[in-house]
Structures are given as structure tokens and as C-alpha cells.
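Note that the chains take the letters A, B, C, D, E and F in the order they are written out, and that residue 1 is the start of every chain.
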Amino acid sequence: MSNKDTPPIQPVSGTVVPRYAGPSTFCRLPELRDVPYCDVAILGIPFDNGTSYRPGARFGPQAIRQASRHLRTNFHPAYDTEPFRQIQVADAGDVACNPYNIEEAIGQIETAATDLLDKADALVSLGGDHTIAVPLLRAVNSKFGQVALVHFDAHLDTWDTYFGAPYTHGTPFRRAAEENLFIDHSSMHVGIRGPLYSRDDLARDAELGFKVVHCDDLQSHGVDHVVKRIRDRVGDHPLYLSIDIDVLDPAHAPGTGTPEIAGLSSRELVNIIRGLQGLNLVAADIVEVAPAYDHAEITSLAAATVAFEMINLMVTRGS
Amino acid sequence: MSNKDTPPIQPVSGTVVPRYAGPSTFCRLPELRDVPYCDVAILGIPFDNGTSYRPGARFGPQAIRQASRHLRTNFHPAYDTEPFRQIQVADAGDVACNPYNIEEAIGQIETAATDLLDKADALVSLGGDHTIAVPLLRAVNSKFGQVALVHFDAHLDTWDTYFGAPYTHGTPFRRAAEENLFIDHSSMHVGIRGPLYSRDDLARDAELGFKVVHCDDLQSHGVDHVVKRIRDRVGDHPLYLSIDIDVLDPAHAPGTGTPEIAGLSSRELVNIIRGLQGLNLVAADIVEVAPAYDHAEITSLAAATVAFEMINLMVTRGS
Amino acid sequence: MSNKDTPPIQPVSGTVVPRYAGPSTFCRLPELRDVPYCDVAILGIPFDNGTSYRPGARFGPQAIRQASRHLRTNFHPAYDTEPFRQIQVADAGDVACNPYNIEEAIGQIETAATDLLDKADALVSLGGDHTIAVPLLRAVNSKFGQVALVHFDAHLDTWDTYFGAPYTHGTPFRRAAEENLFIDHSSMHVGIRGPLYSRDDLARDAELGFKVVHCDDLQSHGVDHVVKRIRDRVGDHPLYLSIDIDVLDPAHAPGTGTPEIAGLSSRELVNIIRGLQGLNLVAADIVEVAPAYDHAEITSLAAATVAFEMINLMVTRGS
Amino acid sequence: MSNKDTPPIQPVSGTVVPRYAGPSTFCRLPELRDVPYCDVAILGIPFDNGTSYRPGARFGPQAIRQASRHLRTNFHPAYDTEPFRQIQVADAGDVACNPYNIEEAIGQIETAATDLLDKADALVSLGGDHTIAVPLLRAVNSKFGQVALVHFDAHLDTWDTYFGAPYTHGTPFRRAAEENLFIDHSSMHVGIRGPLYSRDDLARDAELGFKVVHCDDLQSHGVDHVVKRIRDRVGDHPLYLSIDIDVLDPAHAPGTGTPEIAGLSSRELVNIIRGLQGLNLVAADIVEVAPAYDHAEITSLAAATVAFEMINLMVTRGS
Amino acid sequence: MSNKDTPPIQPVSGTVVPRYAGPSTFCRLPELRDVPYCDVAILGIPFDNGTSYRPGARFGPQAIRQASRHLRTNFHPAYDTEPFRQIQVADAGDVACNPYNIEEAIGQIETAATDLLDKADALVSLGGDHTIAVPLLRAVNSKFGQVALVHFDAHLDTWDTYFGAPYTHGTPFRRAAEENLFIDHSSMHVGIRGPLYSRDDLARDAELGFKVVHCDDLQSHGVDHVVKRIRDRVGDHPLYLSIDIDVLDPAHAPGTGTPEIAGLSSRELVNIIRGLQGLNLVAADIVEVAPAYDHAEITSLAAATVAFEMINLMVTRGS
Amino acid sequence: MSNKDTPPIQPVSGTVVPRYAGPSTFCRLPELRDVPYCDVAILGIPFDNGTSYRPGARFGPQAIRQASRHLRTNFHPAYDTEPFRQIQVADAGDVACNPYNIEEAIGQIETAATDLLDKADALVSLGGDHTIAVPLLRAVNSKFGQVALVHFDAHLDTWDTYFGAPYTHGTPFRRAAEENLFIDHSSMHVGIRGPLYSRDDLARDAELGFKVVHCDDLQSHGVDHVVKRIRDRVGDHPLYLSIDIDVLDPAHAPGTGTPEIAGLSSRELVNIIRGLQGLNLVAADIVEVAPAYDHAEITSLAAATVAFEMINLMVTRGS
């Protein structure tokens, strides 16, 4: 890594190369190997063997990158940023995960993310199913220490095991709690809804330290209220943002494995994210895009937009 | 039917058999023949010959059952229920309806529902097109007497005839009114919107006793207001709930025959239903799911969720 | 053109010919050649060579007409109109546009629209991509003089050129401004959202005279507020309404070329349009429906409904 | 009808109006009302209430017409014809069929076809489901007397009744036999395959006079052999050709109600049809296109092509 | 299991209950628990964690059962059988397989199949991915001893390991060879095509005893030749037939995980199967149907038809 | 470019990185910038403004590259090649083509291809629509002199102009003929079928020197005959192979702009290509993949496979 005084290498411009052409990196950004330093790295994690219902999130990273071609990225008025001029962002490609051995895959992801955080100041991961949050949190903890965790999802993802397996897409945050990977008094779930596996689910979840912003809170109290709750809870802690695309309503994100009706609109989600400006976001993931169930790219476009919003948050952190 | 002191036979557990495996009954519940008594029976009515535009609701019951595999059903926090532990619910299979003779089909549905209500205390029907509400209301009246009717739909469904046919999916509630199948001062439509076949449609509908909660009322006054209007009107009467999936916006329910834009979100619909706890719900239907126009199961998942919410209402009735 | 004392020739009735049968004109209206006079003409403009990302809006007019079969058009309670009884509406067919020469196509559209406005008092155009707004505004100006322009879109469409081309779907309103085709102090964009090509985009747009109702304003202030802002700005001027279907959220309108998440719901859009009753709407377009990306006709149904709402506005103008 | 010495009015040219624009008639031909005489009329019959499994063929006529835009129609080398220069072909629109009363619908179709055959020398009907063959054969018999019937289908369609209904899409040719609507020693089925409802199906079918060219005969003996068998059997009789699109393999025609694997390729079907040049084809139908199950228009394109091939056969008849 | 002198319990008749209604078992057959004895059991194996590319075959059994509603099953002229009158066939439901532990899942499948073969004389399994062939062959061997194995597939499936995993969908027949689960001189692959992972693949495969009928042999020599090669090789040995749906061309079977162009048509496949009458077929599987990639059910219909053909083979075995 | 003595840099191995992960280049090959020399370069040409009906081939290159992940590429038994070990193949990315100016785009393609042929010995282009064949042939001529042209297509593509435009996807080979870009006595069309724009089309085409292998010749005479005709005609000349994916039947390639039924199966196409081993193939294109009309990637997989077969031909040239 070298001198940050040189201006960032920017994405291929849509005024020179039509957006449907050119590199397949996220937002047509440079590859990691092509930049002298890296403020934010984008990492694809094509792993879906922790899925309990509709599989296919292994194709998520490619689909999100393809959908990111839609984005106009020069200036974001909601943040007053020119993100790719202000910081160097680069696409680090995909982690090679063993599709037949979950533990080995988790190790591969942890190693890849740890190595990458040697080269990059912050990380945005493209899943893959939610299992990947465990190794990502490990890597992030090893660089930043314990983090505040804000988790957008229709589901709690704090169950203990499925079919005896400790590492699945329904259990990452129990594992993370057991390993003390997040600051319990600064963490929360947002967008939770629907029936549960057990009457005890919510109580057990609370024992881990989580607060819950139910989807109905949004309906009743509005975006600004939710934003305030998140900001109050996170404070100045380094923040890890984990967004399961199924936090969106299936109308907005059909292409996912365990859709749940009565969810957030994409406008609500985007506006909550925009409300988090200035927080100390150090790493983030967007997971559970299953392209085989998508149509007209609406789910992968939502995920790509969310990833881009996260990058803008990183531009504004500490501001 | 036998002793209700034995605890209900529950659905196959998702922790033993993955949700994509096992029986194809609604929520993987036991078949009716396998339970000693039945509080709520689920009945499929694969009939769509009353359809005026896009047909295909004959495949609705299978699609809704398949989508119900998504549901986690152990505990519902909105009702504080463990529905399948508290009451015995069972799947009664499908009515065999003549696809070439509407009157005969109506008779078959009425007979099947009447027989079923001998064995079950309450009924949730999976359509099929809206024509089926007439024979269902007949069967329900014969057990419970006249009922309050709350009808969620984009359309009034109180037209007189289509092409000379009295029984179609646009006319059930005029037939029901003529047969005095509902309590006129306790009945209403919810979600009505869009242009009409005639300037007189609304006046004629009002003559039948209906009040209308237009979709715009929801926009203007919110869910709680709508809930109050329904509760005030229904009171303690035995309630029949008839939900045409096209009350939802096409973004939330594309898989239907006569979609109408500017409709309810699934969150609004679910929240209204949850507001009806304690009402004396004795029977319900969810109709007009046409799977050939669905994608990623979002429409059939909405219908399955609505049916599950209805069951929870039945658990809480009179509470 | 002849005596307006004869009542309008109406669409084929859905009670005589099922809606899935009969003519393929918009709302099964008469063809222009079959009416003695014409208050509002419907014009298809199958042109999409100004598209920058996903093409296919050339199939828009056919898809919108096909979807218009869904509509019940006799009486519209929101306007208290029987539109096709009150005014004569007819389908003028499609403009033949050169698909290989944008300038020639623009000339063909201008000529066709100008000729049509000799025969019809008002015009509703079915696109096609947004490039077509330029020749349509020219034709409208030549009949009505300068117009107020209200433009619903996710994007400003006031960029200068793409790849050196002055006429594209991202640039029509800069061309229109240069040609003084709209009254700058009476014009505005509604529904704008998302990141931009440049920090200067908004400033440059404002220099053209536009005000912007951002999509977030709708979230914060509601439909009535937006309606008031539009009405205040337009006043009594002859109004041109240009609606890019991508003003809707992709959940409501996936079938378009440059979708942008976090958009309007169809209910919001319809309610804003209904708020414009009495304005002097002289011409309108609905553009950017790309059927290859649609499913279950939800996008083309939204567009057909919007076109029908516009016709109702025309019935009420000056009222 | 007037002087045939004037040359035919031709379709809109694809070199003047792009094929995706212009009228929605079959092959963009003139409407019947616009031609002084008519050699071949195209009739849409949007009726599908005789369907036993997947409905939706009511949308067949519109879909076939839309797909016919693909066709280049000026010169057909396989027949050495310029069909629309040599004979006058026109689109007669759709029959309005009662969707709730099969018998009434059959009467409407018979009347419409009989009237049309007063104005047109020959008829190509676009279905709709196979029920429509009965009224069409009646109309054709009343003009031409008894006809040879060649029926392409995966299924025999000579069952007696379904659910007590005599007129369904599985029974037309038994009804036709009972009414002596075809010459039994000149008629045959082509493309039959798959298991049957009963061991007696084939024997009972043979009693009606049919010969069967099984799909396997094609595999074993080839197209020329099949062509010869048909020609030998039909001879000089006036010929009615009835083609169920499910004679094609589902790979070639997924958009149909009762697909059956192991069928004909579209190349085999087209080549058999081309082998029938010179036969005295007086009327034909192409049925069972269910667009909701199609993709990329491949089924409706196959049907449109088949209809166009039939028109070319009519040009060459008696040659 | 009881007296076989009672006639078999048959499927629900399509003349009594429309095929789109009634039980969701394969061909609407009785459940295993409802029959006093069982000649052929149908077993669903919803397992896809051995997949290397597009996952989703876990939904195969449900999709194949749903598609089997299409089938008319009373009489099969190609075999001269009335299969469900001649033998008792029943649906044994699904094996519950651990989705997170391949070895455990294999054990579960082996146990379930072994238990089932205590109750049933023969077995048709619905996959699931091809990994399941190993435990199925073990169960079959334990009842019938070593079997001749005829394997239809685009791929050899005799690779050694993937990512260190011995049990995947690309390796079952190497494992089977190592365990001596098939008679090497009586076994073969049919339909192999396309490039390979290594120059040695074919040689290593031959060492296991397989002969290969390449897809091109079919093109060159025809169905009868292929049938003869299979029959000669199998002889009188008990036969296990394993059919990967990707042996079909993607035009005929798009809904699969690793499609390979230039494959068999469904007509070729069905005709080869029909040529195997009289062989001693004791067990069979049809695998790799991934419904998320299917359309209009064409892949699952092909699989359902193949399963039904296999049952007919079992009726004729030893004849 | 440097020393060819070093072994080629190979694609990422599917045994190290799962095929759904890793680079998005064709077959996960190295980028051009990463190889010291290049025997065959892959060039994406996302241009579709020459399209006359369904647009969208601009997304072809990305879709073909994505589908190429399916391919196992180590050893090809039909050619006895290990292509990526024997020659260096690399992905040169996309040409940036002006989407609003056909002539400029053609210039950009010609320049890019000419420059690339300075660095690479042979070229495989991924379209894009068929317009691109003109600039590609110019570039190829400038390196290799006049070439034999073998053109697989449903259509002749030798019309003169469309709507006055000389460069469109229906006219490239007339332009090429006018510029003497191919050896007229060594060139031919393969797969032509269907009706034509004019009786003179075939005669005018023959004047340009083309011979035609009609699709029916394949049906009548078989693959070997067609192969021989091509080989005889091409001889030892440097060969340019241009394959429009619509030469395949729509069952095999629905994802294209102007499908034509009754086409080649993918097996026929692949076998013809394999028959061309040893010819002096210097450049090739595969065009007209329009992903918006594809499903389950079958069209893009066919195109990717064809491109890979072409590379194998290049390995064997002169052998």
C-alpha cells in the first residue's frame, strides 16, 4: 500500500464506456491489485451452504456486481459526497469457499477478510448467505476490536443450531455473541417481523444483548424515530452493519431465500441508512440475494444500491 | 370426532424435517383424517370458472400450500399465540368441483363445506376464485346463522350478472345479499379502489347494506382507524372474513386475475388483520391467487401468511 | 372533423365482448378514423433508440394497450366522471419512427403529433423512451403556445449530451429548455431521487427553471403537500404532463430501462394525479415501459391506468 | 363483396413501419371491413372454458397476432408464393364468446364462422381451446359439405364427456363424428403420443373412422412418409386442418394447457405442413396457445408461423 | 404388508376429481400407509448439498409430484400396461435429510431406502441431486445384491472428490465402484457429452468398468442401436436405472443445475426407456430437477413422465 | 508481446475456486493485460443499435461470459485438445461503442479489433447484434487478407438497407460484399429458413457469391453432408465464422431478437462445428444473444459453448 496523496483511481466513466459494457467489478471500480492504496474494499463471498430454504445466494456477488452497472455514482446529494473521488474504493474479487464443508468455508472467509483488512481500511462484503457474518465479524474484531452490530433482517438469526449445525444462516449472531464479537449494549436488530420458531426466541435474543426495532415500529413511529434509536445505541463505537436483503418486503426483494411479507419498502431502508451518516462504520455486509428468484434485477439492484449507500456512509464517518 | 382433552397433533417440525420436505398439506399440518377432533379445518377449493379475465386460480390451493412451507408457525408474537398447540388445525384436502358447470360446482362446494363444518368448528378456505364465497356463506349460515361479512378486495363484487351468469367472481355478494347470508348492518368492503362499471355501482352496493372502506381511507387515516371502523361495525356477531388477494397492490400480489394498482401493501393488510383479535371469526376465505402470474411465490406466500393470520385470529376469538 | 353534438362513440363494452377479446386499441376505444371528432387522441410512439441502459420501450405502446384491457372505464368515482361518455377519445395508432436515425425519428414524431393535434383537442402519448418528449413538446407548443411542464421521473433528464448525441432519453428537457418549449417558472420535476452524474446536475437543472419535488418530500410531507406545490406552480397555464414510469419504485414498475429503488408507490402516484383535477391539461405522455422486463403486466397496467387517469384529468380541465 | 380484379390490399410493410409498430391485426393485415373481397379470413376465438388443466387460451388470439409481427411475409420460397399479393387475406377480429356458458359460446362461434364464410372463401381460426373445433366444423360443413379432417395433436380428443360435459377441449371430434362433420375414411390424427385414459381409447377412436399417425411413426419413418400417408388419405376432398399446438414438444411450445413430452419439433411440423401443398384446404384452426405459460413468445410464434403456413397452403390449393 | 390378492388401490381418478385438485402424491397415488402391500414405492429425496453449480434440486420431489398431475396413467400403449391396476404403487413421502451434513444425510437416505425396501418390492426415487445414488445403491444392493447400473447423464459422475469432499453430485459412481455396488461388466453411461475436467476422465471411468454411449452415438446410430447396446450389456441382471435429467438437452430440461447443450430430446430418452421392457428393473432414480430454473413445468413434467415410464418398465419386468 | 515458450496462463481452476466464484472473464481466463502473448483473444462487443425487432444484445457479452462459468474446459474429447494448455487465450474486455451513432460505433469496433489483432493471432468476438460483422471483417481482412466466410443464421443478412440505414443487423454481408471482404466462391450461409422480404432475396444473395445450406438440407441430408459442403467450399482459405444464435431453433435459443422456428438443434450446430477441424479459422463471432428473452441461461450457455468450440477449432487449425 502506498501514498494516499495521489487521488483515487475512479470507476470507468459512463460517459466514456456505456454502463452495460466494461469491467464486471462492483460499480466498474478498479480491481484491488490496480490501486496503490485502498480505503474501502468490496469482497464477494459466494457461499450459500448455510441456507435453510431456497438456496442460490452463491450467485449473489455476481448479480449484485452486474446490477451495480445501473448506478450513477459521481455525486450523492443525500450525503453531499463524491464518494469515488474522496476515497479509494476497489473490488477485491471473491473468496473461494468450500461448498461442501461449512467450517472450512468459514475459515477461508475469515482468512480472506483478515488479509484484506491489512490492505484496506474498511470492508463491504457481498453475500452469500448470512452464515458469513461470523467469520467477517471475527476478522473485523481482530482489526477494530469489539464492534457495535446493527443488523437489518426479517429474522433474528440468533437461533442455536439447525439439524445440529452450529454455523448456518439462522444462527450467526448467537455464535458471534458466544465469541463476544459485538458490544452487547450497542447492538440491535431492525426490521424483525413475523412468527417465530418458539415463544422463547425473543427472550433468548434479548439475553444476548440485542434490542429489537420491529418492522411495526417503523409503521407506527416512522423513519426518523428508528434512526434516532439506532444512533443512540451505537454512539461512537466502531460499527458493523449487516443487512439481510429480506428485511425488505418481497415486493421489493423477491430474490431471496426466506422471504417474509409485510416488510420494509426500499425507500424506508435507504432513508434509515442515510440517517446513519457520521457513525463510525468500519465494515458492512449485504447478504441473501438469491438471483434465481429475482426478476428484472430488482433485488440485486436493491442490494447494489444498499452497498453503494454503505460506501457513502464510510465516506462520511466521523464527519 | 373425539375428546378434545388430548393435545393437538401438530405440524411436522422444521427442526426434524426440513421445510422443503415432508407433507404438502397447509403448514405441513396433519390431514383431517388423522386428527381425533378439529377446531379449524383448511379446505382447498380449486375452482376458477367464475373468472372474467386472467384464469388460473384453480391452481391456487396447491400454490398456497406449497408457499406455506415458508412459514414458521410455533409462536406468533403479534397474537401471543402458539396456534397449533392451542387448537387442533387440520387440512381437509380439496373439494372436487365440476369445471364445466358452475351451478354444480357451487353445489359441490356447499355440500363439502357443510359436511366439513360438522367435523370442524371453524373453516379457512383456500380459493379458487371469488365465486366460491356464495356456497361457503351458505354452509356457514347453516351452522352459525347470519354472519357479519368483512370483505377485503379491490372490487365490490356485487354486480348482478356477467353475460347472463348469476354466479361469477364479480357477483357473489349480490347473491349472498339476496339470500340474506350476511347481516347487512354489520358488513363492509375494505380496500375498494379504481374506476367502476357504472356510476350506480356504489349506490347499488350501499343498498345491499355494505359500508366501504376505500383504499384511500387507509392512506389518509391509517391502519388503526380502519381497524376501529371494522370492529365497530362487526361487534360480537359471528364473522366471516373474505379476502381477495387483489386487495393487495400488484407489487405485492402480481399473481391474480384482475389486478388493480394503488392497493394495500402486505404490511397494511397484515396489520389490519392483527387488529381484529378477539372478534368472533368463524370462517374465512383467501381467494384469487393465480399462480401462473406469480413470481418467486410472493403472491402465494402472501396468501399463506394471511391464512395463517386468520388461524391465529380464530385462536384468539372471544378472548 | 364534424359535429360534436353527437354523443361520443364509446369503447367496446365489457358486458358484450369479454375484455380479453375485441380490438387492440387503448381501452378498446374506436380508431381515430371511426370518430367524427376527437377530444383526446391516444398516440403510440414505439421508439427506444434514445435508451442508455436496458432497451425495449419500443414494445411499450402495444403492451400498454394490451394491459388497458384490464380497466373498467365507465365511471371514475375519484373524478366523478364517465369519461368516454363525456368526451370523444380515440386511438390514433402508432407513429412510424426510423429506428436507425434519431433525428429523423424525432421529425416523424413531431409531424405526426402536429397533424394529430389538428384533428384532436388533446393528446395522450404512449412511449417509447423519454426522447420523444422533445418533438411532442414542439407539436404541443405549436398549438397551445408555451406550456407548464410537470415531469414525474426518478431522473432529471436535463443532461446535455450522451456520447455526443443531443437527443437521448436523458436529455429531452435541456433541449426543450433551449427551445423555450415550457414556461420555466411553472415547471417542475416530481419524484427525483438517487445519486447523480455530477455535483452540478441539480444546479444546472435549476438554471433551466425547474423546481424539484424530491421523492423524499413525499415521504416527509405527504401527497397533499406535493399536490399543492404542483398546483401552485402550474396555475392556469396549459399543462403538459410527462410521466416516466420509473418514477414508480421497481416493485411497482420493474419493466423499465433504468429503474431506481426507493421510488413512489403506485398509490402515491395515482393520488397525486387525482389531485390535479381542474388544471388545464392539454397533453401528456407516459414513457419508458420496457415489457421484456415486466412480469404479470404490472408495469404496463400501471402505465395504462396512468394514461386513463390523464384522460379523466382532461375531462375535468377547467372545471 | 366486390370485384376480385383489384389487387389485394396488403399488410403494412415492414420497410415503412417497423414491425413492432402499426396495427395489431394478424401479420398487420387489413381488417375485414377494409377489403372489398376476402379470400381468407383470420378469426380470433378467445374461448378457453373447455380446458381441463391449465387455462389461459383465451389470451391466445392476441398473443398469436402479436407474435405474427415477427413474420416476414412477402415471399415464401417453400411454396414459391407471394401470398398476400396473390390472395386477399384480412383479419376479421374476435368472436365474442360467453365465458360462463359453453353451449352459448359454441353457438356464438358457429354463427360468427358461418357469417364469415359468407364473406370469405376460406377461414383460419386462432384459438382458444380445442372445444371450438365443433362449431367451426359445423360452419365449414354448411358451406363446403363434409370435409376430410386432419388433426395434429398429442391427444385424440375423442373422449365422450368430462364431468358430464359434452363440449370440452377433450371431446370435440367425438361430437363432430356424431354429427357426421367429417369424412371418416379421409380423416386422421397426427402426432398422438403418451399414455391414455383407458385401454379402449384407441379402439373407440378407430370406430369413429380415424387413422392415427403416432409421433413415433415420425421418428421411425420420417416426414416424407407421414406426408404421403396424409395426402393418400385426404385425396381431393375439401380439407379441414386442426392443429393443437401441443402436437409440438414442450421444448418448442411450453405455452399450452396440457403439454406432453416427446413431441414433434417445429421443423417436423412445418415440413409436414409444407408437404400438403395442392390439397384443397378450405379451413383450418390453430388452438391451445396459453400465453401465461409461454416465454419469449416461442409458442405464439410457432402458432403464428403455422397459421401463415396454412395461408400459403390455401394459396396453392388445387395447384 | 398383507395379501396381494386384493386389487391395487388406485390413484384418484381424473374423471372424478380434476387433475389440478386432490392429493399431492406422485400421480395422486395412495400414500404408503394406505396400502396393504406395495410393489413399487415412490420416494422423494429432497437433498441438494452435493451440487457444484446451480442449487435447488431440494425442491425437485415436490415439483415432480406437482407435474405428475398432468399425466394420464390408466393405460400405456407403448407397454400395453394398465400399470396402477396391475401392481400396487404408493407414495412413501420424503426422506428427511440433514442439509448441513452430507455424510449424515447419506446415512439417512440409506436407512430410509433400506427400510422402504422391506415394505416394497421396487423403488423409484425422486431427487434431489445425484449424490443420492450412493446410499440408494447401498440399499438396493442389500436387498438384491450387486446390480447392473445404467446411468443416463450428460456427465460421467465418476470424479474422485470436489474440494476434498468424497460425496458430491459429481462423484457418486466412483464411490459406488469402490464399494462394488454395481456389476462392472454390465454397467454403462448413456448420453455423455461435452468437454471434461481432464484428459484422463474417460480412461479412469473405463477402469471402473463403465462403457459409454456418447450422445453422438445416438445421433449417428439411432435409438434402436442404443437400446440394443444397453440390453446386451445388462442381460438378466437386476437393473438399477439412474437418470440425471441433464441427459436431456437444456431445451427440454432447462430446470437443472449443470445443463449441457447438444443433449437428448425427450423423445429419444422416452424411446430408449421404452426399449428396455422386460429387463429386470428393481430400482431407479430421476435426479437433478432444479425447479427455480424451470419454466412452465417442462423439466418437472419430463421427470414425472420418466418416473412413470420407469414404473411401466417395472410392470413388464421379466415379461 | 513476448516469448511463446512459456506455457499459457490458464483459467482459474474449478477445483480451486468454485465455478460460480472468481473472475467474470470468458471461461475465467486471464485478462489480456495479464498474458505475455496471446494466441486467441476474446472480445466483447456490446452493441445492438442495428437491431430491427427485439433489442437487448448489448447485454450479450456479459451474459455469455457469465454462462461460460458452466463450461468444463480442460480437455475436449471431440477435438482431442487441452485448449487452454495448448494455446494462450485471454479476455480482451469490451469495445466501448457509441449507442447513438451507428457509424461511429462501427469505427470504434474496427479500430479495437484491428489493434487487438496486432496483439493476438486470432479473435473470437461476442456480440452484440450482427451489424458488428462488418467492422470485424474489415479488421480481419487488414491482417489476413480476404477470407472465406461461413455464416450460420436463420436469415441471409444481405439486404441492402433498412429505413435508409446501410449498417444494420440485416445488411452486414451486403456491405461486406461491396467492400470485397470475403472470397465469394468460398463463402456460404448455413441454416437459412423461413419466408423472405422479397422473391428476389435469394437471387440477389447468390449474385454476391453465396451458396446456401438451407435448414431443410440438414433435415434431409444430415450433418456429415453439410460438413462436407462447407469444407469443400472453404478449402485452405483463412476462414471467418460468423454465427447468429438464431440459427438455432427458438427452443434452443429463445433469447434472441428475431427468432425463427424450425431451426437447428444445438446438437446439430455443435456437430457441424466439430466437423470443421483443421480448417484455417482465423476469426469468429457469435452474435444476437438478447438475455432479456432468455431463461435459465440456455441461450447464453449455447453461445458460450459455441465460442468454446470455436477456440478448439483454432487449436486444431492446419492440423
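In this section, contacts are C-beta pairs under 8 Å (C-beta built on N, C-alpha and C of every residue); 3 or more make two chains touch, one makes a residue touch a chain.
Computed from a prediction, not measured in an experiment: that's the story for all the values here.
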item: Chain labels contacting subunit E and also subunit F; value: A, D
item: Shared interface partners, meaning chains that touch subunit B and subunit D; value: C, E
item: Equivalent interface to E-F, taken from B-D, A-E or D-F so that over half of the residue contact pairs match; value: D-F
item: Interface residue identity across copies subunit D, subunit E - same or different by half; value: different
item: Separation of subunit C from subunit E, taking each centre as the mean of its C-alpha atoms, in whole Å; value: 55
item: Rounded Å distance, subunit B centre to subunit C centre (Cα mean); value: 38
item: Numbers and ranges of subunit B residues touching at least 2 other chains; value: 18, 20, 52, 58-59, 99, 162-163, 249, 251-252, 265, 293, 295
item: Contact graph of the chains (line, ring, star, complete, other); value: other
item: All chain pairs that touch each other; value: A-B, A-C, A-E, A-F, B-C, B-D, B-E, C-D, C-F, D-E, D-F, E-F
item: Residue ranges of subunit B in contact with subunit D within the complex; value: 48-52, 54-56, 58-59, 98-102, 104, 162-165, 168, 292-293
item: Partner subunit A, residues of subunit B touching it in the complex; value: 14-15, 18-20, 69-77, 82, 223, 249, 251-252, 265-267, 269-271, 295-298, 301-302, 305, 308
item: Subunit B-touching residues of subunit A, taken from the complex the two chains share; value: 52-53, 162-163, 194-199, 201-202, 215-216, 219, 249-252, 254-255, 258-263, 265, 293-295
item: Contact set on subunit F toward subunit A in their complex; value: 16-18, 20-24, 44, 46, 58-59, 61-62, 65-66, 93-97, 99
